[in-house]
Each structure stands twice: as C-alpha cells, then as structure tokens.
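Chain lettering (A, B, C, D and E) follows the sequence in which the chains are written, and residue indices restart at 1 in each chain.
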Amino acid sequence: AAQTPIKIMVGGIDKQIYLPAKLAAQLGFFKEQGLDVELFNSTSGSQAATALLAREVQGVVGFYDHTIDLQSKGKFITSVVQFAIAPGEVVLVKAADADKLKDPANWKGQALGVTGLGSATDFLTRALAAKAGLKMQDYTLVPVGAGDTFLASMQQGKIVSGMTTEPTVARAVKNGTAKVGIDLRTPESTRAALGGDYPAACLYMDRAWMEANKETAQKVVNAFVKTLKWMNTHSPEEIAAQMPKDYYAGELDLYVQGLREGKPQYSVDGMMPAGAPESVLSVLNSFSPNLKGKTIDLAKTYTTDFVVKANATN
Amino acid sequence: MTETTVTAPLVTDGRIETAVQRMRRHQRLVLALRLAVLVFLIGGWEFGVRLGVIDPFFFGQPSGIVTKLIDWTENGTSIGPLWKQIWVTIYEAGAGFLIGSAMGILCGIALGRNQLLSDVFSIYIKVANSIPRVVLGSIFIVALGLGAASKIALAVVMVFFVVFANAFQGVREADKNLIANARILGASNWQMTRAVVLPSALSWILASLHVSFGFALVGAIVGEFLGAREGMGLLIATAQGSFDSNGVFAAMIVIAIVALLAEWILTMIENRLLTWRPDTTVNE
Amino acid sequence: MSAIASPSAVALKNVARRFVTPSGDVLSALEDFDLSIAPGEFMAVVGPTGCGKSTTLGLIAGLARPQGGEVTLFDAPVTGVDRRVGFVFQQDAVFPWRDVLGNVMAGPLFRGVAKDKAEATARDWIIRVGLKGFEHHHPHQLSGGMRKRVALAQTFINNPQVLLMDEPFSALDVQTRELMQEELLQLWAQAKSAVLFVTHDLDEAILLADRVAVLTTRPARVKSVHTIDLPRPRDVATLRYDERFIAIARKISDDLREEVLRARGADARGH
Amino acid sequence: MTETTVTAPLVTDGRIETAVQRMRRHQRLVLALRLAVLVFLIGGWEFGVRLGVIDPFFFGQPSGIVTKLIDWTENGTSIGPLWKQIWVTIYEAGAGFLIGSAMGILCGIALGRNQLLSDVFSIYIKVANSIPRVVLGSIFIVALGLGAASKIALAVVMVFFVVFANAFQGVREADKNLIANARILGASNWQMTRAVVLPSALSWILASLHVSFGFALVGAIVGEFLGAREGMGLLIATAQGSFDSNGVFAAMIVIAIVALLAEWILTMIENRLLTWRPDTTVNE
Amino acid sequence: MSAIASPSAVALKNVARRFVTPSGDVLSALEDFDLSIAPGEFMAVVGPTGCGKSTTLGLIAGLARPQGGEVTLFDAPVTGVDRRVGFVFQQDAVFPWRDVLGNVMAGPLFRGVAKDKAEATARDWIIRVGLKGFEHHHPHQLSGGMRKRVALAQTFINNPQVLLMDEPFSALDVQTRELMQEELLQLWAQAKSAVLFVTHDLDEAILLADRVAVLTTRPARVKSVHTIDLPRPRDVATLRYDERFIAIARKISDDLREEVLRARGADARGH
C-alpha cells in the first residue's frame, strides 16, 4: 500500500542500544507491515526530540526519560514500545584505579565524563552520585561526547570515570584504558545501582499524533516487536550479520562481543516493565531541579496498548 | 580683476556649521532606525509568542530570555558564574582569532608573493578548507585534549581560510605601477612586502577580519559543544540538552554582545590604520 | 647612428617588443630598435603618441623583457630592475598610503640610509620641488602637478646614474616647469647621469638635450637622431629666437609630422 | 637613420619559443612539487602509523582509507551507493552556495552603495554572523524540516557572511574617479551599479567565492550531522560512531575532491570574467 | 569682470572651497572665486600648479560642494552631477574593464541610445581620435596618450552643453594635439557648448579660447581675464609670429609668472 513515509529519527543510528531500529529495516519488517519507514540519524538525542516536537518526524528512538523530562515542559510524548529494560550504559573507570572508582562514593572531587550535559548519561551519573550521597558540587561532569573523544579524554586523564555505551565500552576495555565500573546493561545490576528499574531505549511518539494515527502506530510497533522477538531467538553473530558493516568497521568480533554482553538489556516483547516508570521518575527526582514542583502524569508517558496487541498477533 | 586682500578662511561659516549639524542629525536618525528595527524584531517575536504564532518551546520568548539573563547574572549558571563562561569563550575565540589571522596573513602574503609556492600549496589549502569543522573538532580534541587548546585550534581553522583568501588576493591586486616604482627606488623583497604589498592588501585583510571574529566565536563554541568543562558553548549545549530555548537564545545574545564589542575595537584599529585614505563614504 | 662605439650607459640593440592584441594578432611596439646613450649624456626622445616610448623605458628599467635583441646598462645585459636606474613614470606611481615626506624618503630608506639623514635630504628635495608645507599631505590631497613633483623628488633624491623620465613636466605650469628643468639639469651635471627624457614638447627637448631621437610610428624604431650643439646654459626666452634653434626645431618637427601623418594614413587604411 | 622596410613580426623566433617552453617546464615542476608534497604527507602518515608514532585508531591510515574507498565504490555504503551520498551533499552545498553568494552579493552591494542602509543594518549582520551555526542548524530543522532545505539554509549562512563582507568592501573600494566619470557620462544609479560598482567589486567577490564553496560544504555536512538520512555528513557521523577513522578520512577525501572540482569550475568562470585584467601573476 | 550680466552657462559667485590639512589647519583652495562663462563661450584657465583649477572644475561638475558662495549652471544652482556637463578628467578615468569601444559607447548607452546606434557613433569617434584598430584593446593595453584620447572620445560623443576639460591634451604629441584641437573646435562650433579648458600651455589657451582666465596662487581667485580677439579660424604656425598674439601671450605669461613667484616666495616663508 502506497502511503506517505513514516519518518523515525534515531539519536545515533549506529549505537547498539538503538540497534532494533536499523535491524527492523534490514530484516524488512516494516515493508512486511506495508510501511514505508525512513530512518533519520542525528548525532544528538535532544536534537531528535526537538525534531519530533517540530513534527518533522513521527517517531524517535531515544531514552524513555525524555518523555518525563518533556512533560515537565508541557510537551506530551509517549513511549509506544520499549527496546530496552535497562539503560544499556556502562560506567567505565580508569583501569589503574578501577577498584576504588567502582564505588560512586569515591567520585568526590573527581571529573566524570558524560556524553553531553542534559543527556541520559548526565542524568544517570547524577542519579548514581546522588544515591551514593554525593551532592552536585562534590564532583564535576565533563561532556566529552562518545567515541574517540571519550577515549582520548580518559587517556589524557581529563576524566577518571565516565558513562558511555557500546561500542566505546568494548574499545576502552580492549585497549586497556578502562575497566567496567558499573554495568547498567542488565536489569538486575541497574536495580542494584539505582534502586529501581530504568528502562531506556524506546520508540516514542508525539501523543496527539499517535492518537490520531493509531493504525499506523500499531503497524510500527508490530514491526519492532517482531524485531525484538527475532533478536531474542538469534545469536549475536546472526544479529551482527544483518547490520551494515560500516557499523562495526571491520572489527566484527568486538561488535559481537558488545552485543553478547549487552543482550540482557533488550526487551523480549517490547513491554514497559511494571513499576518501571515510577522508578525512573523517582531517580530523576533525586537530582533534577527541572522536575521540582511539577506533577507528572506517568500514564501519559507510555502506553502498552500497541505492544499488547502486537504480541497477541505475532 | 582688482586684487582684494586674502581674507583668512572662515571655517565657522554657516555651511560648515550645517554640515556638522547634518551629521549629528544623521547619527540620530541612524540610531532611531536601528532601535526601530530592534523593537520591531523583538516586539514581533514576543507578540508572535503571545498570539501563539511562534512556539516558545522552540524559539524562546524575549521576556523569558531576559529573565534567564537576569537569573544567570544574579545566580550564575548551572556550570558556574556567567562572566567566567564569557571569559573562557572570549579567551578561546580571541586567541584563535589572533593566531588564525596572523597565520592567514602570513600565508596569504607568502603565497601571494611567490608564484611557485602558490602553485604548489594553494590546492592543499583549498582541500583543507573543505574539511568539515565538526570533524576537525573531534580530531583536535583527540590530539590537543579537552582544554582551551582544542577550541583555539578550531577557532584558528575557522578564521584562517577567510583571512588567507583575502590576504592572498589583496597581495595580488597590489598596483603593478607601485610595485615597479618601489623596485626601482631600491626596495628589497622584504621592503617591498612591508612598504607596498602590505599597505595595499590592508583593506582586503581588514575586510576579512571583520567577519573573522564572528567565525572565531563560532569555532570556539563548536569546540565547546564537542567537549568542554566551561564556556558559552557548553552553556548552549546544556540549554539545548534540557530543551531550554530561552537559555539558548540568552547565551546567543551574550555572544552577540561580545562580537559587537570586538567589532567596535576592530573598527577603531582600522580607522587608525587607514588614515591615509580618502573618505570611503559614498558621496556621489 | 652615433659614432661613439665606446662605453654606453644604455644601449638597445635590435630590440623587439611585441604584444598580443585582443584579436590574437601580434602588435609590434618596438622592432629593430637601436639606441645608445653615453654615460653623462642627455638624450631626449620624441615620437607620436602610442609609438612605444614608455615601452622602451620599461625595457631599460628592467620592468619587461624584450622578445628580441638586447638591452644593456653599462654594457651588461639588463636582467632585472637595476638600482642605478631612476624612473619617473608617465602615470601616477607615488604610494598613496605615505605622505609626501614618506614618499620622498622611500628611496633612501630602501637603500639603507639612516632615517634622520634620509629625512633631512627628503625635506631638502621637498623644498626644491616647491612642496614645502605639504610634507604631511597624502597623495589624494594633492593636485596632479603636485603629485608629479613628489615623483620627481622621489627619483632625484636617489641620484640615479641612469635617469629615465616619461613626460615628467607635462602637468606643470610654465614657470614651475622651468624650475624643475633647472633642478634636473643641476642634478644631471652633478651626478653625471645618463638621462633619457621622453617629452612631447619639442622646445623642451631641444632646450635640455644633447641629442634628440625621433621615433617612428608603431612599430617604433629610431627614425633620426639630432645632435643639439647649442651652448649651455641655454635659456628659453632667448633661444626661441635663435636661428639654430629654429632650424633644429623645424627639422625635428618635420620628421615627427611625417611620422604622425604616416600613422594617420595607416589608421585610415586600418592598422 | 635609413628606413628599412618593416618586416612582419616574427612571433616564432627563439625567445618566444623559449617562453612557451619555460612555461611548460614550470607547469611540470609545479606538478612534480605538488605530488612531492602529497607523497610526503601521505607517506609520512602511513609511515608514522607503521612505526607506531601515529595511532591509526584515531588518525586512520592511508592504506586503510584507500581500502575503505574502494569498498565504498564497489559495495556501496551502509546508507546506499556512494555516488548518491555525494550527490546529495553536492546538491545541498551547491544550492546553499548559489543562494548564499547571491544574497551576499546583493546585500553587500545594497549596503555598500547606501550609507543609511549600511549604518542601520550592518550591526545586525555582525550580530547574525556571531551566531554559532550548530545552534542555527537546530533552529533550521525546526523551521524548515529535515529535508534538503535545512541543510541548504545552513550552507547559506556559512557562505553569506563571507561573500557579504567582501562585496560590501569591494563596493566601497570602487575608484571614486570612475564613479564620478560614470555619473557625468550619464549613468543612473542602476547603471552605475552594473557598469562600475559590480566590475570593480568583482575581484573582491570572486576572492570570497573561492573560500565559500568549502564553507557551503561544511554547512551542508553539519546539517547532515544534526539530522539526515543520507549524505556525506551522515557517512562521517556513522564512521565516527563506530570508531572507523578510515571511514571518516575516506569521506573527507571524497569531500575534498568535490571541493577541488568546484574550485576548478570557479577558476574557469573567473578567468572568463576577468579577461580585461592585466596579468595578475607577479613578475616584477 | 565680464560685461555680460545676461544668461551664463556657468557661474561661480564668491565661491570658497576649503580642505582640512593633515595638521588640522584649513587649506583654502578657492576663496572669493568669481567666474562666469556665457553659453557658447570658450574659456581657458591657466594658473600655477596646485592652485585650484581641478577643484574648480569639480565644483562645476557637481562632484563636490563649495563651503561658501554659489555655483550655477544655466542660472540654476548646482545640486549634483548634471547630464549636460562633460568632463575630461586630469587623471585616468576610463573604465579598465571595458575595451575602447565599450568605453566610448558608455555615455550614449547610459543615456538610453540604442546599442547599434551608440556603437556606430562610437566607432566614428574612435576614428576621429585616431584609435582605429584599437577598438577591442583594454585600457591597460594602451599608452598614456591613447587612454587620454579614449577619455576625449568618451566625453565628446555626448555633445555636452558645458564641457570641462582638465589639461586634456598634455599627453599628446604636437601633431595629434593639433588634430584634437581641431576636433574640439568643431564640436564646440556644432554643439555651441560652453567650454572651460584648463591648460598649462599658454599658446594653446590663446589659440583656442575666447577668453583666458589667470588664477592666483592658493587660495585661487581669478587674477585677470584676457579677451582674445584674434579672428578664427586661427592657425598656430602663423599666429606664433602675430604681434597681437605675442602681446597677449606676454601679458598672460607675466601675470602667471607673478603668481608663481608669489607662491614660491610664500613657500620659502612657509605656507
């Protein structure tokens, strides 16, 4: 069926945490649903969110916490399918002081790397610090981006610890720059670190658009749920084989290793875990001044309607 | 045909008076018009927001921006006091501007004066100019670290090419007669460059410097975007990351004020350097 | 042409200088051009407008290369600009960003003279060309004749051994021109320069020169050289009625007229 | 003193021959030197990597870059065939270049010719020039969408200011005598602009165009960084995200080639426009 | 000064033009300047170099405003550049990016003449100034005298009612100059223009003009105006020996000499 293309923007299409987006396209699941999906890339998550709010795209693959943050600013966006049930982020610590730095309580007076201020890594690092009893002025956050700049900053000693995702993690560990400090790739370790669930990567849409285009939204969700199920039943090697090889730049084994270690983060059915939104809100509340005095209607930040239907038909 | 005694020139006669008055009136008019434009723009913006035509979520709102600016000056920003951020960015942009324009002028003159050098190297300069600055930014951070150096380098590459292009062309445009004359009067190569080529390229170079400081600021800010601990760029990035349009625009206004100050200083220097010129104002 | 085969300050032998015209043809400015000037000799050059006088001076100054033949300065081939040469250009060539003093001082400063010495000499020359009071004017604040005088002072101050002058006095009033002529002759006598003086004023040529060369229309060659054996110092007022003067003037004038007419004829036929 | 018959000018005499030969030799020398520089740079880079002085992880490796380029041409990139990405970026940069330089020339001439306009508006142009392009990029995406328009707009703002500054100054530098002459010959304002002001500002404008295409490319690529589904910028972003330095550099080389092609076209146009000028090569 | 109180083509009354010098003083170029030219009158102006001749022409052409007094064209005050005026500048002002044809055509095209008509007239004028064959040369490919002739053709082609000429023929050889003088007189007779002709050549002034004005040294005023009542057509060759000619020439020359000497004296005392 010829229809206007659905535009979905991904805040880093080559990032493993957002892998289902590209995978769905590669596997042809959108076409299967009769959808014409165009995937856009942006190097910044907030840029993607802005594009959604400007109605330039109909969906964004990004972090669930954006939905809460934006509601506090009067914009209603809704997660329609969860890709991940954990943040998928990893706190890397300088290899030399790994043991000490694993405990956020020891971050006092240190420079901590995040990809950007206002980004999810920023939120999570603050949450971890807050949980360990540190105040904002006890540590410095340094936005160092991801990739090369992150590694260089750590090698040059500008940061002693920092939060990032695959494939930076595999790189840093492999070349001995850093060790894994806190692993937020599994729901269990996330709960241990943050005191609750923190589901992250998801597809969110503008609530008004979603309600006006339920049918289309359903098809998109169908495709993603099918992708998640496919991922659950295939090995990391098989998943990697589906991805464009530019995404791993010849170093397939590192990519596969990242997928293997990160596998627990992916949702198998796209459902929002029970109680997770409340947990995310409380984590955000633990440090964020933006949410002070605002009441958030969590029910509007996510919906499981589509996922439930998708699981029923698939 | 009778010779009258030559009366002393009366400078204070009616016409010269009026000329001065006319100039004053012109200045007042200009100021009024500038203000009118400003009021129109800002008023239209605020009004557009209030009428719901412009979405303040994306485009901010003048009143909100002012509130934000007051808040920043009084309580500091999320990353420290405002003046500190401004200073960091001025420092980076200023250093980048100085280094970049010095390099641009030097290379421009060297290549402009030497045909072989220009034949060999100008192609590489063209290539270098097409490298996206954002990519260079990452490379600089890797090579020079997160500190001021990488931002300065980025400001340098923003400035260099514009200044180079103008200095190069300015040198080439130097009047052939003047060059011949200087040569015959005995000028060495170096004297030629100093006494003929530089002065004739000066208006070219100055024209490029006028855009360049703005570019240096842009370079410094992009650098801060890519990774920094302080500076206006970080302030903007933070504001963008937290969907705070007013913050973004407030920071941009601060930057604009810095740019205008730099422009003002540059104009002063320019006037001093170009005293020898006939009035450049158009009066046909 | 000239009997002196002995050392020459300037010599052009068989020189050719050609330009490519916009239509792609070749325009010969000089062809088979022979001229030699002895050291200390004052040579005036007259010729139809556009024949190639400025081009010739440019070749001697080393500002351009001939396509054929040889140009020598003191018997050495010209390979570039020579410091011993002074050149008063036909068109304005003073530095617009320097004031009168700076322009006049330029030569000595370029040649390594100390600043205060250069300034003293420059001030002297400024007075001699009648620009006292204008030391700090920039060229755009001067009249055409004043700019020309700046150029003269700029060149004279260097005491060049070979002095090339391209219509240097044409923008000056009669009296100032006489004054400048005097200065020139004085400089010439002191410095024993060889002078090549382009002018359209035959009286001036005869008044000043040892020899006057008449050039042909394009392509310029030396049509005739007239030796002026009038005693020096010469005085215009009296010379005008001197028979020898009138005879020479008429001869040169006839030569020139012939050339201009030839040119006009050629023009009428298309060039 | 005898008149010899005027022989037809011999263009093919020895000296002119040698002049042509000399030019050929010069061209060969230039080519050789250019190659030498290239070989030196690339060789040094490759060597540095092999000797372990340069970390190929950050800075790539020439041989790897070549492999990557071959791979892209043969098998296409992750987002489609290479030529498609190139074309998208050329289109965006080209359109931005044309629009930006047209606007720059128009505004430059208008403000250069009209004192009041320039007094009132040039301050705003200075302010606008200091706005970081990355921020503008976000604004353009909101205002113009994700398609080519927002990238073109970004390229436009990269190009505009450089061209504007030069056109403006070029207009002001127009020879006062020529303007007076044209006025007296009867030129209207518009004729003056066309017949005197534009030609004399031309070398200024062209000088700015030479840097501008590079800037337009940079603008288009930054735009693609901020949000796109194809184009060289996306290719670079992907390569950066996956630590593929070779990919980053390969994309930059492709961009450089585009820039050189544009430069070549521009030089051709320039030569055609400036036929009236005396040789600008320095031969003193 | 002149008895004609009747309509004037150009009139300057009490005009003052002053410049600020680099030292901040005021330099008076013109002061109490009075001159009027009747329609169809040919007025020559001579004066010491730098006295203010070009400045005067600039005021008449509307290129500058006086600081005092009034400048009128056909009894209307000058407020800007007037189309009825033609101006041959002292310095080069041809358009370097146009070839000779384009330069000569510029005036008619600006004034809305059809292109082929303009071209035909231009080609005619190019022949008249002796530049046939150089139609497609650009100014930098011409000699100084040829550029001057382009400027002449450029101005003449417009048939201006008021013709201002600032040393137009000084860069031309004697014969070409005569030719140009003829063309000028012809144009003047046809178009009945008022001509203001600045020159340093007294013979030329007397040869061409109805009246010759002698200016004083800075600040320029009209020192004397000499009516030349020689019958036209005048011929140089014969005139030179005409007594009346010699008398007038001597008178003008004396006036001028007095001024230049005064200037030199003033210079010696500092200006």
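Odds and ends about this structure:
The rule is simple: a residue touches a chain if its C-beta (ideal position, glycine included) is under 8 Å from a C-beta of that chain, and two chains touch if they have at least 3 such contacts.
What you see is a predicted model; the values in this text were computed from it and never measured.
Graph distance from subunit A to subunit E, where chains that touch are one step apart, equals 2.
By number of C-beta pairs in contact, A-D leads over the other of A-D and D-E.
Look at where the CA atoms of subunit B average out and do the same for subunit D: the two points lie 20 Å apart.
Mean C-alpha position of subunit C lies 26 Å from that of subunit E. For this pair, subunit B with subunit C, the centres built from the Cα atoms lie 48 Å apart. In terms of their C-alpha centroids, the spacing between subunit C and subunit D amounts to 46 Å. Touching of two or more other chains is recorded for residues 44, 47, 50, 54, 147-148, 152 of subunit A.
For subunit C, the set of residues touching two or more other chains reads 63, 81, 91-92, 99, 138. In subunit B, the residues touching two or more other chains are 58, 138, 142-143, 180, 183, 240, 278, 284.
On the side of subunit B, the complex with subunit A involves touching residues 57-58, 78-79, 138, 141-143, 145-147, 226-229, 234, 237-243. For subunit A in complex with subunit D, the touching residues are 7, 9, 12-15, 38-44, 47-48, 50-51, 54, 56-57, 146-148, 152, 167-168, 171, 175, 244-251.
The touching residues of subunit B, counted against subunit D in their complex, run 26, 29-30, 33-34, 37, 58-59, 112-116, 119-121, 123-124, 126-127, 129-135, 138-139, 142-143, 161-162, 164-166, 168-169, 172-173, 176, 179-180, 183, 192, 203-204, 206-208, 210-211, 213-215, 217-218, 221-222, 225, 233, 236, 240, 248, 252, 255-256, 258-260, 263, 278, 280-282, 284. Contact residues of subunit C toward subunit B in the complex are 61, 63, 81, 83, 85-87, 89, 91-99, 106-107, 109-111, 138, 140, 154-155, 158. Residues of subunit B that touch subunit C in their complex: 175, 177-178, 180-188, 191, 195-196, 199-200, 202, 276-278.
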